[in-house]
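Several structures are given next for inspection.
Same chain, two partners: chain A is paired with chain B first, then with chain C.
So, the complex of A and B:
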């Protein structure tokens, strides 16, 4: 039985006890998948799973409080679920996790650069090879060249927390060492250059808040600092100052929480590399507290506790 | 809103480097400012009256005072505007003295910075709300940590004032360092004889609960309502049954235990009463040396004890007490003399510390009051005292003067001559520090009447030769090198913070300096207070002190506690956190981060979970408001909007210029 069939079977069995299961179905073209809700057995046949299933479905969980929900997760997505459990934002008992080992997902931007997407009629992933039919010709590409940047350093391809696992666990295929290379390389450039870079990037921001809406850990809902008028952190002006301030606060709020799923950056219609902020903070949290978010459901995130003495920080030299 | 700005000259303190008149003039441009002026001394009576008059005349409803640190005069001005009919929280201060005039010399830049600080204060004040304090009941029990002379004095004064006192002491007897001394300067009266009665008073006072062999484990709560967990360490003797008869130590077969009370001079038994005048006079077992604990069998003490007080199974006990105030009187520790290898401490048996020497001088000490060379038990003839061992020495990070070593060295030189009339004392010193009543006269007596030879200079090395110790040093007054063949070398070791002092400070949430001494509220004006309400200091835990000063501070701390407890209810600071229930999503991250346990979980009317701040417990630290992701918790008087307004006042123009 294939991985997808196993998953379908698992969902079929669990569905009677659940209000819904969140999974992916084929989108409007071959390289898009779309999240959808499985509410009855007939829906199960629409379920897909391949490298186009980029969305972190855990994003929907906080909005479904009070329901008994099943969710299909990849390795990286499972970290989000773990983080939500840690923060008591979802109740472990009311969530059924269907885990899938993952070998990497596609990055649409890279795909777009490789082939003319407007003419694609079929896309097929076979192991490490991506076969794309565009017009009359079919090209074969290496998945490694087309996969999301986050997959390059993937440490957790297998779900960390699950009730059902479909398919055999896979070996980590990413190189963990390169995780923060992009940040380090960026930090090596002169500060004026970096400043100018961000001024340029932030200038392009259209304040659509897609990054916030896609973020599975942005849980302020109606009280987002971007919308709040009291306290009045941000004005309605479309200047760089306000846009940048939002991004930085967003990143700060995710320090020690962000599981680096990359949904913010993926959702950005302007392709602003906002994940860099979060990666930087994650690396700081790792250095300071030796903590990795979303790994252990029973752990307490370092910024959600108060300790006079941090175990990993020797302030006083005692 | 109608705001008045008062810019203080502070004599020439501020006006010397800040153009206060133009700061006042510029302030008139800020929004809502209807009146601005400069005053020579705003804190003076005419200065305060000028504020009050202006409040009435110009119908002000907020006041900015640009002067010194709010630490200094915030309360002064709060009271002043309150008398003029305003709420005391409608005051903001711009610190243009400590933050401007005292640190910068450029008048133009200082004036600009002062104006910006006033601008920030105005912007914050525009968003201030009148706040009203709440009152809460207090527990009129005081905890004294440390049973040295400072702690004893504080405990006795508080108890005499009618308060219940809990005195916690780490060792098995109170008395501290003073109990180890033979005589005290400058009167050369017997230390134990004057301390003993006080120790007995402590034991007998109906208001004092004495807890020895105990340490503070945890401190929670706040002024008036502290909850302190005290750990009573196992002594393996039931104090209720022990009569202090001493039979156990007489029969104890383990006779080579470290004698802590005698500073390691001589040895004691594994079960012992540290000294004859110990309070409480109870035996305790040192498990490191007890044969029952090291080898598993013995049990002699249990067999001989007439009351069956020995209990090898005894465990540490935790006890939680409720107190309204804490006096820290944890004292000091001595510099480790082995660190300065040139003096041979720890290597040569005839090099001893001053406190070890003190025990030798004591009639109840291990040598029965006879001065003997530890190496061979003979009487020494030449005795060399080396001062400033671990004091005034940057190279070992002890730049401070320990204060009392000059005096006790003079005392020891005098006592040496009394004990051994044929002896000759040499004292190597840097300077003689004797600024106390009858102190300098005392050191002169040591030199002139008792013939101690004072040599001004440092010792470079001590080395053994023919059974003696050669002390080589400089005589800077004679401009020569000199060498003394000493029989005994006494190192006048300096004072250090007690081990574990910083840890205790963290528990009490008080500050400490880089050496571990506790920080007083103000070096001159608040010497026994700390910046944590309800926690006071006494004695050497704040810095090295001699006995009179320690006793004085003990009494002073007691007076502060008595003054605090003179009221039945205390006012809580209303500048605390507040939860906006509409915004709260009940994630309770604030509950987890609050260091004071000041936030509780409640059930809202619709059944959802919410957080709520307990006003009187909240200390206004603000951790919750930065933890709360969507700003449901705001710290009153320091709301996000107020802070943002201040930042904007400072940065907006710069931002607009640089990247809009």
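So, the complex of A and C:
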């Protein structure tokens, strides 16, 4: 039985006790999947799982409080669920987790650069090969070249927390050591260049807030301080300063919480590398507090606590 | 008060009410010489410090930001500065990737009796900011980039 069939069977069994199950269905073309709520048994047949299932479905969980919800997660998404449990934002008892070992998801931007997507009629992923058919022509590409950057350094391809697991666990295939290379190289450039870089990037931001809306840990919803008039953190102006400030608010509010699912950067229509901020914060938190978010449901996030004597913080003597 | 061009820079100080604000007061009462670049915002406790205060100040044209509170274990509210220490340290290490010079931000601890130390902290920090010069202006950078793209 294939991984998908196992998953469907598990959902079929669990569905009577649940209000809904969140999964993916095929989108408007072969390289898009779209999140999908399974409410009755007939819906289960529409469920899919392959490398186009990029969305972190844990984003929906906080909005469905009070309901008994099933959620389908990949390894990285399961970290988000764990983090939400850690912060008591969702109740473990009211969530049923369907875990899937994952071998990497596609990056739409990379796909677009590699092939002309306008005429694509079929796309399928077989192991490490991506087969793309447009018209009567089929090209084969290596998944490694087309997968999301986060998958290159993936450490948790298997769900960390689940009630049902479909398919066999896979070996971590990413190289963890390379994950901070981009940031290290960036930090080695002079500070003036880094300043100019972000001014240029933020200039392109259209303040659509897709990054915030896609973020599974941005749970304030209507109370986001980016929208508030009192306190007035941001004005309605579309200048670079306000846009930059917004991105830094988003990043700082995820310090020690972000599970690096990369939804912010994926959702960005302007391809601004906002994940860099969050990656950096995760590496700081790892260095300072030896903590990784979304790994242990019982751990206390590092900024929610303290130690009287911090061994890793240099008391700034003057 | 308008900034005196070239001679004075804008430095924002966030001081806790119980220690560092008192320390600054002690320094004033003792008539210690201090640079006048620092504008003080009084907080009830450094636990009130949202790291975003610092970022907002630096992006809005401040040339430097100094945060000062009670020494660890001396917090008026027992543990406010312990939380602040973690947040501010994370911020300090985070600034390089944001393109903001981390040297423009510093946090330290000064108690109410340490007037002398306060004078030292303010003088050193102000000197440091003067060495760095005025903070880069976003509008200038945008102009530069526009010119580079056209040229």
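Going forward, the second predicted complex is superposed on the first by the 307 of 318 C-alpha atoms of A that agree within 3 Å, B and C clash if a C-alpha of one lies under 4 Å from a C-alpha of the other, contacts with A are read in each partner's own complex, and residues count from 1 in each chain.
One rule holds for everything that comes next: contacts are C-beta pairs under 8 Å (C-beta built on N, C-alpha and C of every residue); 3 or more make two chains touch, one makes a residue touch a chain.
Because the structure is a prediction, the values reported are computed rather than measured.
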{"item": "Simultaneous placement of chain C and chain B on chain A, clash or fit", "value": "clash"}
{"item": "Which superposed partner A:120 touches (first chain B, second chain C, both, neither)", "value": "neither"}
{"item": "Superposed model, chain A: greater residue contact from chain B or chain C", "value": "C"}
{"item": "First (chain B), second (chain C), both or neither touched by A:220", "value": "first"}
{"item": "Touching partner for A:300 - first (chain B), second (chain C), both, neither", "value": "first"}
{"item": "Touched partner set for A:89, first chain B, second chain C, both or neither", "value": "first"}
{"item": "Which superposed partner A:313 touches (first chain B, second chain C, both, neither)", "value": "second"}
{"item": "Which of chain B and chain C A:233 touches, first, second, both or neither", "value": "both"}
{"item": "Touching partner for A:200 - first (chain B), second (chain C), both, neither", "value": "second"}
{"item": "First, second, both or neither for A:109, with chain B first and chain C second", "value": "neither"}
{"item": "Chain C clash site on chain B (candidates 95-103, 185-193, 203-211 or 545-553)", "value": "95-103"}
{"item": "Intersection of chain A interface sets (partners chain B, chain C)", "value": "199, 233, 239-241, 303, 306, 308, 316, 318"}
{"item": "Residues of chain A touching chain B in the complex", "value": "87-89, 199, 219-221, 223-225, 228, 230-233, 239-241, 253, 300, 303-306, 308-309, 316, 318"}
{"item": "Contact footprint of chain C on chain A as seen in their complex", "value": "183, 186-187, 191-192, 194-200, 203, 233, 239-241, 244-245, 248-249, 251-252, 255-256, 276-277, 280-281, 284-285, 287-289, 302-303, 306-308, 310, 313, 315-316, 318"}
{"item": "Residue ranges of chain B in contact with chain A within the complex", "value": "502-503, 506, 583, 585, 587-589, 592-595, 623, 627, 629-632, 634, 639-641, 644, 655, 659-660"}
{"item": "Chain A-facing residues of chain C, complex", "value": "51-52, 55-56, 59-60, 72-73, 79, 82-83, 85-87, 89-91, 93-94, 96-101, 106-109, 117, 120-121, 124, 136, 138-139, 141-142, 144-145"}
